[in-house]
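What follows is a pair of complexes built around chain A, which joins chain B in one and chain C in the other.
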Partner chain A sequence: MTVHNLYLFDRNGVCLHYSEWHRKKQAGIPKEEEYKLMYGMLFSIRSFVSKMSPLDMKDGFLAFQTSRYKLHYYETPTGIKVVMNTDLGVGPIRDVLHHIYSALYVELVVKNPLCPLGQTVQSELFRSRLDSYVRSLPFFSARAG
Partner chain B sequence: MAIFSVYVVNKAGGLIYQLDSYAPRAEAEKTFSYPLDLLLKLHDERVLVAFGQRDGIRVGHAVLAINGMDVNGKYTADGKEVLEYLSNPTNYPVSIRFGRPRLTSNEKLMLASMFHSLFAIGSQLSPEQGSSGIEILETDTFKLHCFQTLTGIKFVVLADPRQAGIDSLLRKIYEIYSDFALKNPFYSLEMPIRCELFDQNLKLALEVAEKAGTFGPGS
Partner chain C sequence: MSRQANRGTESKKMSSELFTLTYGALVTQLCKDYENDEDVNKQLDKILFSHFLPRGYNIGVRLIEDFLARSNVGRCHDFRETADVIAKVAFKMYLGITPSVTNWSPAGDEFSLILENNPLVDFVELPDNHSSLIYSNLLCGVLRGALEMVQMAVEAKFVQDTLKGDGVTEIRMRFIRRIEDNLPAGEE
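Then we have the complex of A and B:
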C-alpha cells in the first residue's frame, strides 16, 4: 500500500498545499495547471453527484477509484478540501483526512498569525509535520521510504 | 439495498440508454395557509425550496404537486405558473407535495456526457502509469460503477453502497447489449437503443443481481 500525493484546496480553488511521496507519473502539464484541473474535476464531481443521488445526501462525494489508484476526498463545512491519492488497497480514510485538517491545518496554519489565509502555505513546520504524519500512516509503504 | 439506475454512454459521450429502477422516495405533503413560510425560488426551470427546512421538507427539494395536481417544471398540469399561483392569497389553504427533483431526460444526457469527461480527467491526473478512468465512485448514498469496453462504450450502474456483485452485473449488461442491441439488424451503432428484447433482458438481469447481491458486514 502506498500514498501517492496530497492536495489541499481552499473554497476558492486555491491550492494551499501539495506534496507527493510515491508518484510515478506526472500529469504532463505545469503544476499550476494540474491544480486547476484537479479542483475543476472535484468541483464537477460534486455537482454531478448531488444531481445523480437518488436520496438526500449528507457527506456527499467520498472517493473514487480507477484501475491504478484511489482518490479520497474530504471537505469541511468551510469549503477546505483535502484530497489524497493512494493505491487501491486503502480503505475509507475519512478520519486521516479529518486529522490533517483539524490537527495540522487548523493548529499550524489557521492559528498561526504569520500565515495569511487563502494562499499557498509557506509554513515549514506545517510541511514537516504533515510529511511525518503521512509517513507514519499504517498504509504508507515502507519500501521506497 | 437496491440498484438505482443504469446508463449506457457511447464512445462520444452521448447517452444511448437509460433506465431508472427505483420507486419514488419519501416525499412530504403539507397544507399551508397564507403567507407561505417557505422561501421558494426558480432554479433550472424548477421551483425549489431555498429556505425554511422543516417536517421532511428540505432545502433543494422541488414542488412536485399542488392540491394533488402534478407540477411540470414551473407550471402546474393545467398551465398555471406555480410561483404566481402560490403568491395569490385567495388560493389558500393549499396542499403542496415536496420531494427530491427528478431528473429530466435533458439533464440525464448532460450528466452522461459530464461523466464521460470526468472519466477522461480521472485517468489524466493519475499518479501511476497506465490508469483507466473512474471505475467506482463512492458517496454516502450511492456507489457508481462504470465499465468501459474495448470499443469505448461505457456501462454505468448506480447502486446502494452495500450492494455486491455489480462487477458481474456490468459484464452481464455488456453481454445483453451485444446479444440484443448489436445483433438486432434494425439497431444502428452509437444511436439510442430502442430494442424490446434488450429492455426485457436488462430488467431481468437487474432483478437477479439485486436478489443475488450479498451484503458485507455492517449492513
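Then we have the complex of A and C:
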C-alpha cells in the first residue's frame, strides 16, 4: 500500500498545498494546469453527485477508484478540500484527511496570523509536519523514499 | 483518530479574567487611536486588510475553521439549525455562555441572541464621552466573518446592551442570502 500525492484546495479553487511521495509518472502538463483540472473535475463530480442523489446528501462525494489508484476526498463546510491519491489497497481514510485538516492545516496555518489565507501555504513547519504525518501512516509503504 | 489529534483539538483552559481584560485593552487602544466611537465600532466589526490586525470579521474567518475542526459539526440544513449551533455550541465553546435564541421573524430569516451575561463586559462601565461606543461589536464581526465562510451572508448588530442600561444584551442576526460556490474564472 502506498500514498501517491496530496492536494489541498480552498473554496475558490486555489491550490494551497501540493506534495507527492510515490508518484512514478507525471501528468505531462504544467503543475498549475494539473491543479486546475483536478479542481474542475472535483467541482463537477461534486455537483453531479449531489444532483443524482436519490436522498438528501450528507457527506456527498467521498472517493473514486480506477484500475490503478484511488482518490480520497474530504471537504469541510468552509470549502477546504483535502484530496489524497493512494493505491487500491487503502480503505476509507476520512479520519486521516480530517486530521490533516484539523490538526495540521487549522493548527499551523489558520491559527498562524503570519500565514495569509487563500494563497499557497508558505509555512515550512506545515510542510514538514504534513510530510512526517503522511510518512507515519500505516498504509504508507516503507520501501522507496 | 490518533493521539496527536486529540491533543490538538482539546480545549485549552485560560483565565476568563485575563481574556476580558485583554479585550478591554484592545478596545481602549482603539478608542485612543480613532477619533470617534463610530470609527471604533467599525474597526471592531470590520474587515481590516492587514493580517496583523485580525479583529471581528478577520477573526471569524479563521475561527470558523477552528470551530469545525474541534466540533465535528456538519453543514446546517436551515437557518434555525445554524442559530442553535451558534448559541449552544459556538458561544459555549469560545465564551462559556449559552445565549438563548428568540424573537424569530415570521419568515424565519431573523432572530435574536440574548446574552444574559456577557463575559466581555465583566469589569466595564462606559464613560460618558463614549456613549455611542458599541463595546462588544467584535462579536458581530466574528459572527459575520464565520458565517460568510460557510456560504451564509448575514447581518449582525447589537440592539440591546447592558452597558447602555438595557436589562440584557441582544444581538440581532439577519440572514441575507446564500453565497453560491463559483467555478474559478476561465474554467467553464
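The criterion applied here is as follows: the second predicted complex is superposed on the first by the 145 of 145 C-alpha atoms of A that agree within 3 Å, B and C clash if a C-alpha of one lies under 4 Å from a C-alpha of the other, contacts with A are read in each partner's own complex, and residues count from 1 in each chain.
Keep this in mind: a residue touches a chain if its C-beta (ideal position, glycine included) is under 8 Å from a C-beta of that chain, and two chains touch if they have at least 3 such contacts.
None of these values were measured; they are calculated from a predicted model.
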**Prompt:** Is A:Ala27 in contact with chain B, with chain C, with both, or with neither (first, second, both, neither)?
**Reply:** first
**Request:** For A:Met38, decide between first (touching chain B), second (touching chain C), both and neither.
**Result:** first
**Item:** First (chain B), second (chain C), both or neither touched by A:Asn5
**Value:** first
**Asked** Who does A:Lys58 touch here: chain B (first), chain C (second), both, or neither?
**Response** both
**Request:** Return the chain, chain B or chain C, that is in touch with more residues of chain A.
**Result:** B
**Message:** I'd like to know which partner A:Ala103 touches here: chain B for first, chain C for second, both or neither.
**Reply:** second
**Item:** Touching both chain C and chain B, counted on chain A across the two superposed complexes
**Value:** 40, 58-59
**Complex contact set, residues of chain B against chain A** = 4-5, 22, 25, 58, 60, 100, 103, 107, 111, 114-115, 117-118, 121-142, 144, 158
**Item:** Residues of chain C touching chain A in the complex
**Value:** 1-2, 4-5, 8-9, 51-52, 54, 61-62, 64-66, 68-70, 73-75, 149-151, 181-184, 187
**Complete:** Residue positions on chain A within touch of chain C in the complex are 11-14, 36, 39-40, 43, 58-59, 76-80, 95, 98-99, 101-103, 105-107, 110-111, 113-114, 116-117
**Complete:** So, in the complex, the side of chain A touching chain B is made of residues 4-5, 20, 22-25, 27, 34, 37-38, 40-41, 44-45, 48-49, 51-69, 71, 85, 87
